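Below, chain A partners chain B and then partners chain C, in two separate complexes.
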Partner chain A sequence: MLWKVYCALSPTACGVTLFLCWICQITVTDEPDVLYQKVEVLVKGHDRAVLDSYEFFTTMAAKELGINISKVEEPKKKIERLTLLKSVHIHKKHRVQYEMRTHYRNFEFLRLTGSTARVFLEYLQRNLPEGVAMEVTKTEIEKVPEHILEPLWNSIPEKEQSSQ
Partner chain B sequence: MAVSFGGAGLILANHAVAHMSRTLCAVPRARAIHSTAVCCKHQAARIRVGKGDKPVTYEEAHPPHHIAHRKGWLSQHTSNLDRETGAAERTVEDIFIRRFIFGTFHGLLANELVIKRRGNMLVVCALFTQKIPAYKLYFLIGYTETLLSYFYKCPVKMEVQTVKDKVVYKYL
Partner chain C sequence: MAAAAMCSVVMSLSRINQRLGVLTLNPVHKGAAYSKGVSVRGRRGGPPSSRPRREAGPPRWEKMTPDQDWTAVYPTAAAFKPSAVPLPIRMGYPVERGVPPAKEGNLELIKIPNFLHLTPAAIKKHCEALRLFCTEWPSALDSDAHCEEHFPIQLESRDYVFAGPSLRNPQARVVTLRVKLSSLNLDDHARKKMIKLVGERYCKKSDTLTLTADRCPLRKQNKDYAFYLLTVLYHESWKTEAWEQEKTVEDMEEYSWEDSPSQRNVLDTLLRMRTLGDSADAAVDTDSVRKELLASSEVQEYAASVSRLKNEGESESSVLQYREAVKKVLRL
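Presenting the complex of A and B:
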C-alpha cells in the first residue's frame, strides 16, 4: 500500500521547528523503520540565481551522503500580474502594473529510510536561504495488510457447501 | 497637448494698433492660458536629476524597475510567493521595524535596512556610520534585539556593519 504524506513547510508558516540535537543518543528500537519510495522536494523563490545555488548545494549534499537523486527539474516560472489605478482619486486611464515572479526547482530522491529522510530534510531546511519556500511530498511504502493477501473468492465456496 | 489661447488675441491687437495708430492708450499684452492633460509621470522611489551637488547612494539612485536586474530585495520573506500567505502581516512588521530602527539609531543609517526571515528568526542587516562610540552602538543593538524579540515573539538578530561615511554612488 502506498501512502502519500504531504507536509508544507514554508519558513513563515512553521511556528515551532522540531529541534534534533546533533550530538543526541542513537536509539535502537524493534520497530521497523519507515521506508519511502520517493521524497519530492519543491523549492520556490523569487530569484533564479538563489535557486541555482541551492540546487548545487542539495545535489552536492546528496552525493556526499550517498542519497539517490533521480531527477532535478525546473518547472516553468509563474508570474502574477496586478494592474492597479495609479491615482488615489479618478484618472481611470492611468494605471500601474506590478508583477510577482515565482521560480521553481524540483528534486526527487529515491529509496530512503525514515531516519535518513528525517535527518537529510532537516539539514536541507536548516540551510534554506531566506525568501525561499519548500514543499515536501513523501511517498511511503507499507506492507500489504494480511486480510487483503488472500482473495475473497477462495473462502466463499466452502460456505456455500456448508449451507447446502 | 498644450493649447494656447493667446495667439488669436495677439493678432487682433496688432490689427488694432495698425488701424488706430493715433490712439493714446497702449494696447494691453494678451495673456495666454496653457492647459495640459494630466502629467502621468512615474515618481515612485526616484530621485530626479538636479544640479549635480546631491550625493546619492546606489540604492537610492536606481528606480524600482531595476529590482532583480541591478538591485536586490530589501525585505526577504516567502509570503509573496505563489500560494503562500501572510504578505500583509510581514509588510506591516517590516514598516514598523524600519521606522523603529530609523528612530533608535537616529542619524546613523547609511543605507536602507535589509530584513531577512529564516524560519522563525528575524535578521535585520544594517549599515551604520561611525558617528557614535562603539559601546553606545552595542547598547543600542542589544536594546533593539531584546525589544523587537519581545514584541514579535521570535528571535531577532542584528547584523551590523559600520562605515566611515555614507557610500556615495553618484551626484545628481
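Presenting the complex of A and C:
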C-alpha cells in the first residue's frame, strides 16, 4: 500500500538552500496516497531561451527523480499586437505598434504518486524564473465510491423506501 | 563590533586628552567604522580625508579553480555578478564596427533570468535530498488499461502559478469528473435512463460520462458535488417511474425489429406468397404459419440486416447485406 509522505521542514536562519540548511523530518501517515495518471505542465514566457533552459532543468530533475516524461512539446508562439496613437493630442496618422510574444512549453508526466507530485511540483515552482507563468493540469484516478457499487435500496432492504 | 572597539578607543583617548588638558579635535560619530574616503558631505572642496579609499581587489573569478564547487558560488537564484562568473560572456547589440558589449556593467545580463544556480551538479544535489520524500508508483498499474480497470474514475483539476495584481485564478476551482459507464454497475434499463438523463455530457464513441463542477468556491467542494451528482444519477437511473411505461417507439434509443412495421410487412408478403402458391382449400392457421416463418433463417437474416441498417446507418457492406437477405427471403 502507498502511504502519504509528509515533510516537516524547518528553515534555519542562514538561507534557503534545500539540501544544506533545512532540518527535514519525514512522517509517514496511514492515509493512502493519491494517484495521478497524468500531470501536464504548461509554461508560458516571453523569452524562448529562458524556456529552453527551464526545459533542460525540468527534464533533468524528472530523470533524477525517476519520473516518466511522456512528451515535451513546444506549442506555437502567440503574438498579441496593438496599435496606439503616438501623440497625446491629434496626429492621427502617426501611430506606434507594440507586440507581446508568448512562447509555450508543454511537459507531460505519467503515473505519479501524490507525494512525488507534490514534491516535484513544488521544486519546479520554486525554481520558476521571473516572468514565466505555469499552469498545471492534474488527472487523478480514483476507485468507484462504495455507495455507487450497487443501489442503496439493495443493501438496506429493511429501510422503507419513503423518499423518492 | 568594530564600532564598539573604535568608540572605546576614542573614549579612552578623549579621557587621556582631558587629563592632559587637550581638547578633542573632531567629534567622532559613533558607528563610523566604514572607510570615509569618498563621503565628503559637507566638506566640498576641502582637504581629502586622511583615510584613503580601499581599492577594489582582483575579481573573484581569477581565484577560481576549474574543479571548484559551483553550487557554493551560486547556491540560490541571484543576479548575474560579472566578478563571480568566470565566463567571457558578451551580450547586447554590438556597437558600431564592434562586438557585443562585455559582461562588466552589462545591464542585459543582469535583466535576463539566469540558471547559474541550476547546473546539473546542483540539480543532482537537490534531487538526492528530495528523493526521500517521493514514493514509488505501484508496479501493478503499469499501463492505462490497468489503471482504468482498478480506478475507473478520473478527476481533472488545474493549478496556476503566475505573478500579477492578484495571485488567484478563478479557474482553479473547476473539477471535471470522467467515468466510463461500462465500469459502473448498471443494467440495461439503468444505462439507457442514465444516458437520457445526462444528455450531452455522454460521449457515445468513448462511452465516457463527463461531469464538470464549478458552482462551489472551493475545489474540494466541487469534487464532493461531482461525486454527489454521480450518486444521484446512479440511483435515479435504477429507479423505474410509473410514467416510463408510456415509452413509445420514438423514444427508443435503438431500433428493434420485433413488432415493427418491417416485420409485419415481411410476414404479410410471405403469407400472401404462400397462399397464392398453395391450393385454395387449406384452412390456413395464420398464427402458427407466422411463427414458422419467423423462425426460418431467411427471415432472421432479413431482420438482422434491417436492424443493422437502421442502427449503424448506411454503408456499403450493410446495404449489400440487406440486398442478399432480401434476395433470399423473396427467393429471387
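Methods note: the second predicted complex is superposed on the first by the 126 of 164 C-alpha atoms of A that agree within 3 Å, B and C clash if a C-alpha of one lies under 4 Å from a C-alpha of the other, contacts with A are read in each partner's own complex, and residues count from 1 in each chain.
To be clear about the criterion, a contact is a pair of C-beta atoms (placed from the backbone, for glycine too) under 8 Å apart; a residue touches a chain by one contact, two chains touch by 3 or more.
Bear in mind the structure is a predicted one, so any value in this text is a computation, not a measurement.
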What's your read, chain B or chain C touching more residues of chain A?
C
Tell me the contact category for A:102 with respect to chain B and chain C: first, second, both or neither.
first
Considering only touches as defined above, state whether A:80 meets chain B (first), chain C (second), both or neither.
first
Examine A:115 and indicate which partner it touches, taking first as chain B and second as chain C; both and neither are also allowed.
second
A:133 contacts which: chain B (first), chain C (second), both, neither?
both
Looking at the overlay, does A:70 come into contact with chain B only (first), chain C only (second), both, or neither?
neither
Is A:47 in contact with chain B, with chain C, with both, or with neither (first, second, both, neither)?
both
Based on the superposed arrangement, let me know which partner A:91 touches: chain B (first), chain C (second), both, or neither?
first
Residues of chain A at both interfaces, chain B in one complex, chain C in the other
15-17, 47, 125, 128, 130-133
Footprint of chain A on chain C - complex, ascending
75-77, 112-113, 115, 118, 120, 123-138, 141-142, 144, 147, 150-163, 179, 183-185, 227, 230-231, 234-235, 238-239
Okay, in this complex, where on chain A does chain C touch?
2-3, 5, 7, 15-20, 24, 26, 33, 35, 37, 47, 49-50, 53-54, 57, 60-61, 64-66, 111-116, 119-121, 123, 125, 127-145, 147-152, 164
Chain B partner contacts - residues on chain A that touch it in the complex:
10-17, 44-47, 78, 80, 86, 91, 94, 100-102, 125, 128, 130-133
For chain B, which residues count as touching chain A in their complex?
38, 40, 68, 73, 76-82, 84-86, 90, 116-120, 123
